[in-house]
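The next part holds the structures, each set out as structure tokens.
Shared between the two complexes below is chain A, which has chain B as its partner in the first and chain C in the second.
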Partner chain A sequence: MSDPLLSVKNLQVFFHLAQGTLKAIDGVSLDVKKGQIVGLVGESGGGKSMIGLSILRLVPEGGKIASGKIIFEGKNLLNLSEDEIRIIRGSYISMILQDPLTSLNPAFRIGPQMIDVLRLHKGYDKKEAELIAIEMLHNIGIPDPKKNIRKFPHQLSGGMRQRVVIAIAFSCSPKLIIADEPTTALDVTIQAQILQLLKNLSTEYQTSVLFITHDLGIVANLCDSVAVIYAGEIVETAQTSELFLNPKHPYTKALFQSILRHDKKQEHFYSIEGVMGSHIDWPDKCKFYPRCSEKLDGCEKTGSVEFVSYSPDHLVRCLKYE
Partner chain B sequence: MNLKYIIKRLLYIITTLFGVSIITFVILRVIPGNPIAMMLPPQATQQDIIELKAQYGLDKAIPIQYGIWLINVVQGDFGVSIHMKQDVMELVIERLPATLELVLAATAIALILGIFIGTLSIMKKDTFLDKLGSLMAVLGLAIPDFLWGLLFIIFFGVFWHVLPISGRIASTDTLINITGFFLVDSLIKFDFKGFYSVFLHLILPAFSLALPLTAIVIRVIKSSLLEVVKEDYILLARVKGLAERVVIFIHALRNALIPTTTIVGVQFGFLMGGTVLVEIIYSWPGLGKLAVTAIITRDLPLIQGVVLVLAFIFVIVNLIVDLLYTFINPKIRYG
Partner chain C sequence: MNERKRVFKLNDYLLKTYKLTKYYSEEKRISFFSLGPGKSLVRAVDNINLFVHRNEVLGLVGESGCGKSTLGKTIIRLEEPTSGKIFFEDQDITNLSQERLKSHRKKMQIIFQDPASSLNPRKTVFEIISQPLKVHGMVSNKSDTSDRVADLLKKVGLEKSHMERYPHQFSGGQKQRICIARAIALEPIFLVADEVVSALDVSIQAQILNLLVILKNDLNLSILFISHDLSVVRQISDRVAVMYLGKIVEVAPSENLFSSPLHPYTQALMSAIPVPDVEIGWNPIILQGDTPSPSQRPQGCFFHPRCSKMIDICDKEDISLNAVSQGHFVACHLYSGRSTLKKIIQAQRTWL
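And now, the complex of A and B:
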């Protein structure tokens, strides 16, 4: 089997705060193969977005990539110089941010915001870049692109703006796109359109996608494989169908139980008890056990839990399966 | 922007000027001291005083005096200076370019320095440059413009003799007055020697006036940039692979300029006021110096004229700032 396009190995991102060290990402390993759509699922605050930002080496101020490797096309991105990583950003690896209402610069028209990335990475002149941008807008279903490219972001609807953001992400035909909850801020009706667009584009451009979301429904429809993340640690990874049929980790099971079902009338809405809380200075042991409904006597005492291979391609990090 | 909006703004301007003129007019006539007392010798009789008052129309009730003044002003007649015996508007127009040249130069310096230092200290956070910027932001405000003026005179004029400290141009140079803006006049005539002399004369007064405003601009730029860089669109600009200087100087700065424009617009009025002291320190033949002379001699028509012109400039600058908004912030459209 060929090497994966992106391989994150044992990544650690730490925030050194006044209260102690927060391990925002704690030993995450993750593979994205060529042409694959990989889902990254978990609660808010679990470190999903942080993984995306770390891959581009854009960890917010205060955070530091403490250790690990991010191998992209055979190169460790963490070893690149600032100038080299800038060439990767936008042209080889691109990112779609969560909120289309805030991810476009309000002071510039759509055109320049699409053109700058094309000029920077592809070396087009202004005229060529604009033609390509217009074609791009046309492809992603923006009506009258020649007119809309001259508009300011606030003159477009949320769905249109997310299309523009997606167009920017795809414009240099990157190998990998990190989509950070790209539909969370949108209406349900628009969500489906945007997801379809994303799927079509990734097929058309043969782009791999790391799809960050908290919505298992989207994962089921879109992703080839899934990684479930809790408090900065991946707790389970598997092919999508395998994970949906056979969830193993208590957290994954709990996530499935939290989904609202139309075919079952529920008296109570299921939720995972407790809150994730902060894990500042958390010792090396399972982070989920305080909320776990299946915890064993050993959970509190045992140190860090390693991945167990439940079946080929299905890894789970839980004492139960050791 | 449409015609209706512009007409509305012009009406505001007229109302403002009307209000300013009434307040100045009344205050000048109720405060102690009057031009008549300044003009007559101590042994003048009561009869002399009454006659002179009648000559300048000061014997009538204040509302009637104002009415007469207003009717004349509407016809373009601002009266004659009591002290200098010259037409008020002529005097003001003659001095106005000197002040405007000084204020515009100071504004330009403050904007360029302030934006550059403020932005750079965000880019090079916690470095020496950042500290230097913070120091300038404190010193610039803590030391008022006239004190900067005195310090500059002592150092650059007295100790080191590197820059001229008085007037607009060396006494050996002469300039043909065309626009009154000496920098422009010398360029029109290709008089580069004159230009150089005018330029040197402008440096110290312009910097004295500019430094406090520079400090304000540094602060505003820094605080608005700190907000802007947290925005998603700045993250997206970085995701696109743009160089940090492009991200900050183009994508972030454009948004940070919106609050800066507001502040500079308001400060422009204070700058006009600041010229009074700076012009006196540097013997700058502008409106500020004229205003001081007029006040000392209780030259009522001249004070009235100077104040009205200053107020006019202030409201016009505010109108320009409001119009600038539509360029900087596309979300604003006046209707």
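And now, the complex of A and C:
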């Protein structure tokens, strides 16, 4: 099999706080193959967004990538100079964030915001860039693009704004898109529109997508493979159908049990005991065991738990399977 | 389960609205071409007839901006209705003075979406929960108050020792529990729960829902459960009302609505939810365009520009709720007039 497009290896991102060291990302490994949509799921505070930011070396102030490798098309992004990584951002890897209102500049019309990106990364002149921007808006289903390109972000609806952000992300035909909860702020009917659009564009442009979400429904219907993250660690990764039909890690199982479905009436609502809490200065051991319903005697004592391959492509990080 | 299926007696309602309407006027921008300020009306809640039975959970669903929260607030008169009537326990409370409303306020409480912003960060949990008790003179002395607060905390699954802490010392789920404790402090019989679990993670959502169900049964509460999340609404509601652009488009017993939704909007809304199951395909009905603004609603049925099943009459005539079966009401031209029954059966078949 060919090399993956993006390969994150043993990534660690630490925040040195007054209270101690917070391992926001603790040994995350992840592969995204060409043309694939990979889901990254977990609850809030689990470090999902931090992985997305780390890939582009955009870790917020106070945080540091402590170790690991991020191999993109054979190059380790962590070894690139600041100038080199700027070329990667936008042209090769671009990002779609949750709230389109904060990703777009409210003081500029959407036209210039799209055109600037094309001019910077692709070197088009203004006229060319404008034509491409209009075509792009047309492709993503914005009616009357010639008129709408002259609007300010606040004059568009939430769904339209997110379409513009997606257009900007795809405009330089990047190899990889990191989509961080791109539909969470939208209504379900609009979400359905946007998800279909993303799926179509990713097929059309052969773009890989790292889709960060908390919604397992989206994962089931959009992603080819999934990684489940808990407190900065990936606890399980597999092909989507394999993970849904055969979840192994107690956290994954608990997550599945706690989702409510509109197509089924449930008599009991299952919830995971306790809260994730913060893991400042957490020793090297499973982070989920205090909430785990299947914990073994060894969980508290054993050091860090390594990934076990349950079957090819299905990795679990749990003492039960060691 | 038997309890859920019990048939409600006619007129056995706790709350009823009659043509309840709430309009806001929006100042129009003065542009170069049209001088002078104009006003446009935002019809947030429009002619709504709704009732809530005793000890019933009525789910109210709709997308953002459809007016569901405004309806919730207007019903308990946190917003003054523009027109229409509200009956609570057979009494017309639409025009009660604030003074006389106070005794009713005890019986109706509201819980909001974001627990962090509905709790005063400078007050302890004790102060937060005891305030309504003091305002309504339900406690006589300090030890009595303390007992009551401890009791309330226990009811919502918190501990007595939490009393002296401040809101920031709690997690999101715990904060929502504090809000619930404050809401039930006055022993209300009607609760408006406005997106109470939307800000919480899935694993925490379940805890709060379980709590609401227990409280509902223990305290004989009726709940208006407002949410955009159909998966949550299905689990907790006895009946569900679907709202679009300030109007109710479909009301039905929960199981009916979810097994055979009739209104094209309800169908689109349900099909749009991706199901967390790899064995079920996902074929959402993609609605064209965006929801129109409530100040510029389309002619005829408001949904017709986005509706895939539009017929001739839809863009001309408005339509109100019609009964199609026991307790199932729908506002759609497809199900009015001749051979309605045939159409309903057909719709149910194609849905399944």
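Here is the rule we use: the second predicted complex is superposed on the first by the 317 of 322 C-alpha atoms of A that agree within 3 Å, B and C clash if a C-alpha of one lies under 4 Å from a C-alpha of the other, contacts with A are read in each partner's own complex, and residues count from 1 in each chain.
Operating definition for what follows: a contact is a pair of C-beta atoms (placed from the backbone, for glycine too) under 8 Å apart; a residue touches a chain by one contact, two chains touch by 3 or more.
Values in this document were obtained by computation on a predicted structure and should not be read as measured data.
**Q** Give one of first, second, both or neither to describe whether A:Leu56 is in contact with chain B, with chain C, with both, or with none.
**A** first
**Q** Considering only touches as defined above, state whether A:Ser225 meets chain B (first), chain C (second), both or neither.
**A** neither
**Q** Classify the contacts of A:Ile272 with the two partner chains as first (chain B alone), second (chain C alone), both, or neither.
**A** The second partner, chain C, only.
**Q** Using the superposition on chain A described above, determine whether A:Asp215 touches chain B (first), chain C (second), both, or neither.
**A** second
**Q** Give every residue of chain B touching chain A within the complex, in rising order.
**A** Touch list, chain B to chain A: 231-233, 235-243, 246, 251, 254-255, 328-331.
**Q** For a test of understanding, state which residues of chain C touch chain A in their complex under the given definition.
**A** My answer: residues 1, 63-64, 171, 173, 201-207, 209-210, 228, 230-235, 254-255, 258, 268-280, 282, 284, 286-287, 289-291.
**Q** Residue numbers of chain A touching chain C in their complex, please.
**A** It comes out as residues 43-44, 143, 157, 159-160, 187-193, 195-196, 214-222, 240-241, 244-245, 254-256, 258-263, 265-272, 275.
**Q** Per the contact definition, I'd like the list of chain A residues that touch chain B in the complex.
**A** On the chain A side, the touching residues are 56, 58, 86-91, 94-95, 97-99, 102-109, 116-117, 120-121, 152, 154, 165, 168.
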